[in-house]
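Note that chain A is present in both complexes that follow, paired respectively with chain B and with chain C.
Moving on, here comes the complex of A and B:
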C-alpha cells in the first residue's frame, strides 16, 4: 500500500520537476535524464504493484462472497462490498483476543530483544575483553542453525522451567536475536569513539552512555530492528503452535489456523479467512506507518567532522 | 591545585607496538604546556594516557598529589577538547554542556549558571538551543570548549582542537584559548592546560613551555623562545621555526686558540660569543645549522669571507618578507629577507649572501645533540 502511494507521489513529483526545469532553464522538454528517471520510477512502481497485489487480493477477497473469490475470469473488485463479512468473522472466533495475545507477545519479545542486543553489541564494540572474537564467532555460528533444530531442546528447556503453554515462555524463548546483535554491532561501530570517550570523561557510566549517547543516535536502526522483530513474532506460527495448547492463549496465526480447521475441509469460508487475515494485518500496517517516519528521518548528521 | 607529572611513562599497544618510550614531564600547576611533534610521534597517545582513555603500560602518572594511573577519566579532574569536537549530535549545545554536570548531580540552578557564564564568555549564548549539525565548525568548537569549561577541571586537555578550522578561525580561536587560560588564572582557578598540536605557530604562541616529541621520546622541553634560539638537538632545530633551519654537514676545527667551521672549501672563524659556549674542546665533524633569517644579503662595502655568491632558484613572496631558495654545496638553502630587498631579487639572479656566524647552531653528527651551551 505504502509503496503504491509512494510510486504515485513520486511520479507526480517528477512531472512537477520536469515542468519547473522546462520553465526556468529553457532546457529541452524531454532530456535523456528525464526518460531515464521516468523509466526508473515506472519500474519501481511496477515492483510496488507486484508486492502490494497479494495484500489487495486479500483485502478485496474479504469483501467478496465465497463464490466470487473463485469466479472465472478472476475479478479484483467484488460486485458488492460485503462489509458485513468482517462482523461475521469477528463473531465467529475470538480474533480480538488472538490479536491482543500476538501483540502482547511480540511487544515484550521486541523490547527484550532490543535491550539485550544493545547491551551485547555495546560490549562487543566498546570493550576489549578476553575471548571477545571467539564469543562473537560463536554467536554468529548459532545463526547458521536452522530454527527447526532448536525446537526440541527449546521445548525441553521450557518444559523444565514450567513455561509451556504460557506467553512468558514464548517471549523468553525468542528474547535473544543473533541478527539483532549483528545488526546493532555494525551500527554501533559507526559511532565515533570520541563520543564515547567524551561521555566517559563527562562521568557517565557505561550503561548511561549506551542509553543517553549511543541509542538516541541509532533510533532508525532500533526502529528497524524492532519492527522486524515485532512482525516476525506477531506472525509467528510454528513455534507458538507447539508451545501453546490452550485456545485462549493462541496467537493470531494459530488462531486463524484453528478457525480454518474448525470449519472442516469442505465448508471453507474463504472470505472470512481473508477478513480475519486482514484484521490481523491492520495493527502491523499502523505500526509500520508510525515507524516509517523514524526510519527515514533517522539518518542524521552525527556531529563529527572527519 | 593540579600539577601533572609523568614519570617514566611508557605505552605499548596491544599489537606490540611501543608508542611511548619513557617520558618524564612535569607540568606545573596553572602552566600551559604544549606537546608538539610530527605526525605519529605519540602526542595523542600521551594525552590520552593523561586523560585515562588509554592504559599506561608502565610508569607513574600523578595529577595534583595523587597517583592516577588507575583512576577512571571522570575521577582525574580533567576535561578534554577533541579534534573532531565530539559533541553529542542528538543534544542541543546546552544539553551537551549540561550532560557532564548532570552526571555530577549538580543542582539545576548551578548547571544553568555555569553554562550561562561559559556561553557568555564564548559568545555562544544564542546557539544554546541548536544542535551540532546546525552549527559551523567554529561554533561547534566553542561549544566543545564550553563543555570543558563548565566542568571546572583542574586540567584541560586539548587534542589538536583547531586543526579542523579554517586559517582565520584558527587564529581567533587560538587567541580565545590563550585568553581563557589567562582569565581562569585571573579568576583564581589555576587551570593547567596540556595542548597537543602539530602546528608550531600554535605551539609557539600558546605555550608557557613546549614539549617537543619525536617517535615517542621527549626531544626538549623549554620556553618557546629558548626552544627557538637554543635548540638542544638537531631534531628540535629542524622542527621549530618556519621556514625550517638550514642544516648541513661541516667540520668544527680547533687551531690553537681559535675555532673554525669548515664547510665546502670555505673555512670561517667562529666569533668569540660562540666559542665561549662550546661544550667540546677538540675538532670534530658537526651539523651546521643556520636559520633562514640569518642568511642575509651582503652589504657591498663590507665583503667578508663568510659571504657566498649564489644563484636564486625560487623566490616566495609573503608580502612582508620573502623566501629565497638557492643551491649550494649540493643541497637547497633558504634565506629569509625583509621588505628592503623586494624589488631587486629575481629568479636566476646572482646574489651575494652573508652567513651571520654569531647565530649559527652546531650539533654533534652522531648524537645530534647541540654543542653550544645555552645562555640565559
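Moving on, here comes the complex of A and C:
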C-alpha cells in the first residue's frame, strides 16, 4: 500500500512538472495544485479507511454466519445479512441491560462532576479564603496520581461503606474529577468580574450568581466537559471490573468481556462476538456523530487533556 | 455579634461550595494514596486481619525480582513504541488537516473516532483481525505468500498488536492537539518566509517544528503517561502473555493485587508507577514554564 501510494505520488509529481512547463502560456485546466489536492484526498481516504476499517469489519462480521467467516475470511460483505445474529446475541446475554447500566452510571457521574466541579472552581476563582492556595495545590497534586495507586484502598473504602458491587459505589468513587476543576477554573477566570460584582451589590447569593450568571456563559465548556466525562465513564473497564461482581450489574465493557471469554465463544463464535461489539460501540458512534463538532472544537480550540 | 454571624455564614457557604468535590477527592484519591504508601511497607494479604511491618522489604525484593524487572522493561518498550509513532503520525495528520477545506472536518472526525469507542470492544475486534487461524491479518499475508503468524504466541508480535491498537486509538486525539498548536502560529511568520523564498520543507523544519515543539513535548509526556496506564487492551489481547512478555507494570500490579492478593508488593508496584508518572508530570510542568515560544 505504501509503495503503491509512493508510486502514485512520484508519477503525479512528474506529470505535474511537465504540465507546468506548457501551462505557462495557456490557461491551465490541471495545475500542480490540483494534483497535490488529489494526492492529499487519496492519501487521507486511505488513512481514513484504515481508521474505520475495524468498525466496518466488525459490523459486517456481525451479519455473517460463522461458517461464512471461516470459509471466506477475506470477504468484507456478507452473502446474506443475518440480522438474526443480533437477536441471538441479545438473548444470550443481557446487553440491553449492560448498556442501560453504563448509561446510568455515566450519566449520574457526569451530573455529579459538572455540579461539584462548578462549585469548586467557582470558590477557587471568586472567593478569598485562607488555605486557597493549599486547596488548589491538593487538586493539582491529585492530577498526577495514577488511578492504580488508589485502587486497593479505594476498594476497601467502598467495602467499608457497603458500596461494593453497587452502581452508587462506582458513581461516588468517580465523582471527583480533577480535570473538571482545572478546566472550569480556566474558563471561569475568563469571565469578566464586573457582572458578578453588580449581582453581588444587588444582593444575589453566590449560588444564584453561579447558576444565573456564570454557568450560562460557559455552556460550550460545560458541554465539552460533560461529553468527555460521559464517554470516559461509559467506556471505563478496569475499576468497574474490580467493583462489580453480580452479572446483572455489569457495565457494557465488563459485560462484553464476560461474553468474549465465555465458554465456546472465543475463536469459534466470531459472528456473535462481533454483534456484541457492535452493540457496545454503536451508541457511542451515534453520540459522537451528534456531538462531534462540540467535542472536536472543544479539544482543538482549548487544548484539553483527556 | 453581627460579624461573628457573618463569619459563620461565610464558613458554611465555603463548605457548601468545596465539600461536594472535596469529599470524594479525599475519600477515593488522597486517603487511598496515603494508605497505599503505608500498605507497601507491610506484608498484608487482604484476607487475614493482621499484617507485619516489613519496612523496605517489598521495594528491596523488587530489584531482584525478574518478573518486576521484566514488567518495567516491557512498560518502557511499550511506551516508546506507542508514543513516538503516535506523535509523529498525529503531527502528520494535523499538518494535512490544519486548514479548513471541503471534507476536512469529516477526515478529522474519522481519525478521531476510535478514541470515542470502548477500548474493550474494539480490542475484541482487533483480536479477531489478528486471530492466528481465521484472522484477516494472516489471510492478507497469505495473499502475498507470507506464512501465517501466531500473533499472540510470541512476545514481539503480541506486543506489536497491542502497540498498533493503542496507536490507532490515540492518534486522533494527538492530532487535535497539534491542530490547536498549529493554528496559534501567527500567519505573519509564514508570510515573511514566503517573501524570503523558503521551500516548504525548510519552512516546516525552521518554523513549524520549532514553534510546535512545546506541544510536541507535552504530547510526548502525556502519551507516555497514558501508555503507562494502559490496561484494557492488554486484558483483552494478551493478558500479559505469553510468559509475561507483554506484562506491563500496571498489569503486574493488577495480578499481584487482585489475583495473588499480595497487597504489599502490589501497592509497592503502584507506588513505583506513581513515581514514574510524577517524575514525568513534573518534567512537563517544569519544561512547560520555560519553553514557550508564543
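Quick note on the criterion: the second predicted complex is superposed on the first by the 209 of 306 C-alpha atoms of A that agree within 3 Å, B and C clash if a C-alpha of one lies under 4 Å from a C-alpha of the other, contacts with A are read in each partner's own complex, and residues count from 1 in each chain.
The rule we apply is simple: a residue touches a chain if its C-beta (ideal position, glycine included) is under 8 Å from a C-beta of that chain, and two chains touch if they have at least 3 such contacts.
Being a predicted model, the structure only gives us computed values, none of them experimental.
Contacts of A:135 after superposition on the shared chain: chain C is touched, whereas chain B is not. In the superposition on chain A, contact of A:192 is made with chain B only, not with chain C.
Counting the residues of chain A that each partner touches, chain B and chain C differ, and the larger count belongs to C. After overlaying the two complexes on the shared chain, residue contacts for A:217 are found with chain B alone; chain C is out of touch. With both structures placed on the common chain, the touch criterion links A:83 to neither chain B nor chain C. In the superposition on chain A, A:201 contacts chain B only, with no contact to chain C. By the document's definition of touching, of the two partners only chain C reaches A:123; chain B does not. Across the superposed pair, chain B and chain C both touch chain A at residues 300-303, 305-306. Put simply, chain A touches chain C in their complex at residues 40-41, 43-44, 47-48, 51-52, 54-55, 57-58, 61, 69-70, 73-74, 112, 115-117, 119-120, 122-123, 127, 129, 135, 138-139, 142-154, 156-157, 172-173, 175-176, 178, 181, 206-207, 231, 234-235, 237-238, 242, 252-254, 256-257, 260, 267, 270, 273-274, 276-277, 280-281, 284-285, 287-288, 292-293, 295-296, 299-303, 305-306. Those residues of chain B that touch chain A in the shared complex are 14, 51-53, 72-74, 78-80, 82, 84-90, 99-100, 103-104, 131-133, 137, 140, 147, 151, 164. Listed in rising order, the residues of chain C touching chain A in the complex are 10, 13-14, 16-18, 20-22, 24-25, 27-33, 35-36, 39, 93, 96-97, 103, 105, 107-114, 116-122, 124-126, 128-129, 131, 133-136, 139-140, 143, 168, 172-173, 176-177, 179-181, 183, 222, 225-226, 228-229, 231-232, 235-236, 250, 253-254, 257-258, 263, 266-267, 270-271, 273-274, 277-278, 281-282. Per the touch definition, chain A reaches chain B in the complex via residues 128, 192, 194-195, 197-204, 208, 212-213, 216-217, 300-306.
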